[in-house]
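Structures are listed in the sections that come next.
What follows is a pair of complexes built around subunit A, which joins subunit B in one and subunit C in the other.
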Partner chain A sequence: MTELSFRPVETAQDVEKTSRPSLSYWQDAWLRLVANKRAMTSLFVIIFLILFAYLGPLVWRADHTEQHLDKTSQAPWVNRNAILIAEEAEWEDVVVADPTGTHQAPMSVEVIGEARTTSVGLKWDAVPNAAGYRIYRHILEPKAGFPLGLPIGETEDRTHVSFQDRMDIQQKTYWYSVAAVDEDGKDFEEFTSVEVRPRLYITVGEALRLGYITDASKVEPGDTVLLDWHPLGTDYLGRDMLARLMKGAQVSLSIGIVAPLLFIIIGILIGSVAGFFGGAVDSALMRFTDFVIALPFLLFMILFMVWFGIEAGGSGIPAMVVALVLLSWPGVARLVRGEVLQIREHGYVEASRLLGGSNSWLIGRHMIPNTMGVVLVSFTFAVPATIFTEAFLSFIGMGVVPPTPSWGAMCNDGIRTMEKTPHELLFPALFISITVLAFNLLGDGLRDALDARLRSRE
Partner chain B sequence: MTDTLHTSKPPLTASPGWQLTKFAFYALLLCVALLLLLGFLTEKFNVGATSTSAVNFEKNTITLSLTSEPPQMDSTRATDMVSGMLLGHIMEGLIRYGPDNEILPGVAESWDMGELAGTFYLRKDAFWSNGTPVTAHDFVFSWQTALNPATASQYAFVLYPIKNGKAINIGEAELDSFGAKAVDDYTLSIELEQPTPYFIKLLAFFTYLPINKEFYESREGNYGTNAEDMIYNGPFHMTRWVHDKDVRLEKNEYYWNNSETRLDAIEFGYITPDPNTALNLFATGKIVLAGLNAENIERALTEGWRIETHSDGSVFYLGFNHREERPTSNLNLRKAIQQVCDPEELVYKVLKTPGNIPGKSIFPVWLRGVNGFFRDEYPGPDHKRNVASAQEYLQKALDELGLDEPPSLVFLTGDSAFSAKHAEYYQSMLKEKLGIEIKIDKQIFKQRLAKMTSGEYDIVAAGWGPDYDDVLTFGDLFTSWNANNRGLYHNEELDRQVEIAQQSSDPKTRMDAMDRVQHILYEDAAIIFEYERGSVYVFDDRVKGVTRRSVGTDPDYTRAYIEEEVDS
Partner chain C sequence: MPRYIGMRLLQGIFTVWFIATATFWVMHSIPGDPLESEKAMSPEIRANLEAKYGLDKNEFIQYWIFLGNMVRGDFGWSFEHENRRVNDIIAEQFPVSATLGILAIVFAGLGGVLWGALTALYRNKWPDVLIIILVILGISVPSFVFATVGQLGIVTLNKIAGIDVPVAGWGTVWHMLIPALVLGLGTMAFLTRLMRTSMLEIVNADYIRTARSKGVPIAQIFSRHQLRNAILPVLTVLGPSIAGITTGGFVVENVFGIPGLGKYFVTAVQQSDYGVIMGTTVFYGAFLVLMVIIVDLLYAVVDPRVRLNK
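Let's turn to the complex of A and B:
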């Protein structure tokens, strides 16, 4: 036998060729996720929301607790050009001599000075035989025989013929009507109206203080300055809605992520132990799980609040997180247990056991990593559910405490003014809806992507 | 074969956006269809609403709504405004208030009232709704029941001016020693503890209403819980009370003055605390009167409804906790807070409803003084927000309290949406101007009273409504002996001034003393005056003769009538 008799078999080339790079489970899942437009859009929306919550306040530096009582419930598109005036003069009543004549209503009503959004001063000429005057404000032009509008004030003497209105004046057209009143407090038939369109004014001192102008000598009354912009408007105390939404996003997102993380860890531990050991351990743990599922969430939430002994004005958030964590893990535990029951019958688990793998090794190395797919999916579904729970609890007043905003609490505030200033309800509601939808769609996409049975074979 | 199978079904991820849009579209369509269907069904079967209208000409009936269910109708235990309003219609005391708040004879036909004692002569034609006469015994019985410690009436103190009233209430005297006695069926003699110039005005208050002893005892503790568990001596009697749903009052034929009652019935067809619900009921012609708030005034204006204002006579203030262990017992801290408060800003920018008056005093503007209005004669302290002086006061307070930074304070308030808004305003304002942290503690009314009594607060949003038409109903609030002085404010000078006003019958002396009281309260920053409450409401002007009051039954429909329908 010569050397030649034995020649190494030529290594077969091109017998089996990997036409595509080998993909791990996670790589494959990622590819499938990227291909899913719906899920990717949601992912970007979520990334945007996180940036909005945590980087937003660095860019938009308005303080979410600062009140601007001169612009409460202001819509985003309101005119912001304010006219500069010198200091405001003190209001002085106009008193005239006792009138003569027979007229039933003031001959004329006129505005004293400029009509401002901070105050509108009116004066009129006196009416004989009047015991006083009643001043009305309307947003429509008053007609004889119809109500004159909101009774905004009264004067008690016919020689006092002026009135200063400071009640919540907006930049829109008002009709002020003055009617004389008889001894019994009844209006005379006739009245005189004046159309007024209050404008935005700011005193030089105020403009300096707020930093709209830097040098008082360079401006003169009559110039206009552009006031602060509130891109999403202001709320009922004149606080910036955008800043409040950002702060609210922090609250919602942090609870929405922290609480599910915690209860999923508990769920994994209990589920994997139950599934792995089976038998008595399994049935004991699963009966306990059934018991926890049966506990009513809201009731326990209240019990936790009492138990925590939340002091006056304390936040309900810690109690909420504890209640969520202690009551929400059973779903995950059941899911993980089911997966583990399957996995432990697989050959590689048996092999690992024969090679001397301990129980904790088996659980840690083989069981838990292989359940990550379902866990991740249930996490993405738990986040929106938790955000919604937080919003709901804050809506009914059990969550955050003022001045901390939360989307739910903002909705609760906004719903009262829904008809007049819808933006106060609309924006927080929109944010809740978008966030919940985005997380749900992402969860949907992840479930499709991680489902091994759908793995691409092409 | 497999190919056809594969392509027959579009892949799951195909054009997801389109799929979603389509789904959303169908879902929306379904919602709209459901809404229309439900609307149609409600219309058709008239579900959820009794078919009454606000004004019923044929039946001579008006319909109204209540803001809450009355807890019970027993006048000795009533505390709330709804019970008070209903009792004013179904019961009558010795006197009653007329349309212009003048005192009119009620069950008492006439009376002789001296400084310390008086005799009331009851009319013989006053009957209970079961036909038995109203006697002096009924008054004595009712008052004794209210004072009996076992009844635990919260308003027993209103009866304290009567001799031994207080002693009986705190268990130090027997019922027999009571200063009110029935001389015979129609003569009632009353001895007073001390001169009480406003005693006659008190007699219209609901705790002073009579109760028939025989009937009361026949109900074995259930008196006042149902329409049939009561008998009535007022212009109306209650014929139906479905709890949490509706109350119906009908003209009482046994009432001595029933010729003046012009309505046949008043239907309180709805019980709702929500102003928007009430306004919707008004808009659909279901009720005669609805209150407005800052949010829905605009709607009332565009609808062209007649808007009226009304002052309910009460005064709102921030009360401080004067207990020693609390930082608010420090005068300079209270002064600091007082100096940054601006009642005008509160009323014009936060409350935003006409009718509210920025607070300047504990005494509201409508109280009578010596000749005219008290506040015209004694305008009260001048107040203007002064942040600089507030900060000086704060610095002094911090030095005295040995603190480096402003303390955090508990702000006790109610559980309504309005209370929350009001508290948040102060929270931000005090934080911004003084750096004081405020913790808002929202509590239901009962719990708030309990916390005020036990002193678990620093600042409380409180209010006081008049019980009778005299300066003292406000003036004695912060005396050291008043049970409603829950912040335990103590000032000997103030106590002395109130005693002067209680004992003197000279109006000038009394009013001078009350002027001192309003200044002491301000200088000591015992409380912070906030506002006098007013409200705006819409009213169906086919109904005439309704009286709105600050003291007593409000609104008062006892003389109301429906104006004849005229074609216009």
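Let's turn to the complex of A and C:
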């Protein structure tokens, strides 16, 4: 009898396998999140925004501080084909005979030749008894009783009835008003206006200086050159909006991410200590938390911003982060304490203690890692809230200090010119909205993925 | 119940004391003092003024005097507005802010419940989708954008319809409606979402199934069972929303030129007007604390399951 005879019968049968690879909590959450289309789209939007803020300036190299007073509040779709002209011809004053009659304002004002962005020439008929004339320029149609706009020039003789405007003229509609002035330099009550829409021109000298052309002998007057592109237009000081939005994204996103990170860390520390030790420590910490929660948030944000003061040339960003951290940690502390109170009762904590785990080991190894789910969710919701607060404070002028751009501060600038050039408000507002929306949707997705109890029903 | 109310009030008093203390010390550590912005003054005049406002004393004594006055409900004098008591300023400005805030809360609450109920009723049909899109807009667009767009809207409406709805200022009902609506929009969006979730949760509850199998008419199930129970979670967040609405009030008051407390506060901080800053902050803080207590009590009245013992 050999050993082989007693070989056991093959008993293994083809059992159906129903198990799947074991997944950790975080792997499981990640799979759920990836399956959530809305959350994933939001995640990509957020990544795009971060790239926009930090890599954008490397691609779009326009300087966000450079002012161009000749193209303020320029819309993105403005015409950029400038017609070249040689230097502006010498201006010849129009002189007429001494006028007669009783009229108080010129009968008519007209443009000499073509209105160009390089110069606008005006002439009018003389007014009797006038000592001279004052010329105004306005972007709104002038009405009696309202300011006529910017006084751009004066003439000192009633027979000299012309004026050349060469100051920062842009391609938009202007109303030039001419009013006669008396000997004391006071305007007569009546005035005459003319509506002018200059065409875009550039002198050869200017084009050379700005580098649009390299050789003056190769171009002729009448050629067109393509001026600098501002894809999102310019703001009220002629600064490039795209460059400012990128810089503003850095400011808004860094405040929006750094401040929540810091106050969440503080909240975790206080919350876990309170929840873990319980008793007197817990009630002392939680009473303090209640107090801080009761502080009127916005009033104290403003007080703190003033308290920390902003040194000359500072941006106000550190002050805002500190103020946000000081006022925002209690929410997280409460949340973490609640979680820790539950975790404390679990068997594995007791087991770890029996094996000799110290308090700091228990907190660091068991409590805090197990609260990470809710903490991560509250972080994603804290980011948009903080971005809102930053925008809001900058909007009322208590936030970052000009000229530091932030989306809120840019909205504040844009509101002044909102009726004429809505793009200055629209773009920063759009960026705030998209960012806030993306973080909110990602937060929803994370909550669904991480926390079975809070899973929203939709 | 009375015992509980007493406890909450006592806690509230401590909270207000904390707010007052924090305000006092933060403000006194801000560099510069209220007399600094005045024209050049001789040391004698300065000393006289300091004595008048009590600034010459030790800070701890000032703090003590401030607390004593506060208990008597006296917030002292404004530094920038000569001969105006802070109490008068609050009495004048606060009703404006409060009217605006209450109106906004009413808009937000009614709107939130109504839209939320509608979305749940038309779940996944077009009214639901439309309202959800509006809600997402409401949550993610900052209030100052709404305020500006609202103002522009009034201007355009006036032009088209030839009417004369006031664009800014305060006084008539017309001045209040649009700003209050703008102020309430964010909260309304938030409440709508909450209401929708809680309605959908309740649709699956046992008592709804029971009512249905008993043959209770749909309309009655909706109004008696669903709506009433779904409103409860909305009520709990109303307290914190009041704080949120007062925050938004700053912007809306600014954009619409409404003479409320928020606008006043920003100016006061810039001029370091101690009296107004302390008065406003303590008053606001006390108001918020009281509001939260009231909402908690209301909640117990509406929901018999909540017991207010401990």
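The criterion applied here is as follows: the second predicted complex is superposed on the first by the 327 of 458 C-alpha atoms of A that agree within 3 Å, B and C clash if a C-alpha of one lies under 4 Å from a C-alpha of the other, contacts with A are read in each partner's own complex, and residues count from 1 in each chain.
Convention: contacts are C-beta pairs under 8 Å (C-beta built on N, C-alpha and C of every residue); 3 or more make two chains touch, one makes a residue touch a chain.
Keep in mind that this is a model prediction, so the values were computed, not measured.
Engineer: Examine A:I396 and indicate which partner it touches, taking first as subunit B and second as subunit C; both and neither are also allowed.
Structural biologist: Only subunit C; A:I396 stays clear of subunit B.
Engineer: Of the two partner chains, subunit B (first) and subunit C (second), which one does A:S252 touch, if any: first, second, both, or neither?
Structural biologist: After superposing on A, A:S252 lies clear of both subunit B and subunit C.
Engineer: Classify the contacts of A:S406 with the two partner chains as first (subunit B alone), second (subunit C alone), both, or neither.
Structural biologist: After superposing on A, A:S406 lies clear of both subunit B and subunit C.
Engineer: In the overlaid three-chain picture, which partner chain does A:W307 touch, first (subunit B) or second (subunit C), both, or neither?
Structural biologist: It touches subunit C, and subunit B stays clear.
Engineer: Please work out whether A:E419 is in contact with subunit B alone, subunit C alone, both, or neither, and reply first, second, both or neither.
Structural biologist: A:E419: touches subunit B and subunit C.
Engineer: Is A:T371 contacted by the first partner subunit B, the second partner subunit C, both or neither?
Structural biologist: The answer is neither, since A:T371 touches no partner chain.
Engineer: With the two structures laid over each other on chain A, which partner does A:F291 touch: subunit B (first), subunit C (second), both, or neither?
Structural biologist: After superposing on A, A:F291 lies in contact with subunit C but is clear of subunit B.
Engineer: May I ask you to decide whether A:V436 touches subunit B, subunit C, both, or neither, giving the answer as first, second, both or neither?
Structural biologist: second
Engineer: Please write out, lowest number first, the residues of subunit A touched by both subunit B and subunit C across the two complexes.
Structural biologist: Common to the two interfaces on subunit A: residues 397, 412, 419.
Engineer: For the complex, which residues does subunit A have touching subunit C?
Structural biologist: On the subunit A side, the touching residues are 290-291, 294-300, 302-304, 306-307, 309, 384, 388, 391-392, 395-398, 408, 411-412, 415, 418-419, 425, 429, 432-434, 436-437, 440, 456-458.
Engineer: State the interface residues of subunit A toward subunit B in the complex, per the touch definition above.
Structural biologist: 35-38, 65-67, 69-70, 72, 138-140, 146-147, 149-153, 166-168, 236-237, 239, 311-314, 397, 401-403, 412-413, 416-417, 419-420, 448
Engineer: Using the touch definition up top, name the residues of subunit B that touch subunit A in the complex.
Structural biologist: Its residues touching subunit A are 12-13, 16-17, 20, 294-299, 301-302, 304-309, 344-345, 347-350, 352-354, 410-412, 415, 417, 420-421, 423-425, 427-429, 431-432, 438-442, 456-457, 536.
Engineer: Give the list of subunit C residues in touch with subunit A in this complex.
Structural biologist: Touching subunit A from subunit C are residues 11, 14-15, 18-19, 22-23, 26-27, 29-31, 136-137, 139-145, 148, 152, 197, 200-201, 243, 246-247, 250-251, 254-255, 265-266, 269-270, 272, 277, 280-281, 284-285, 288-289.
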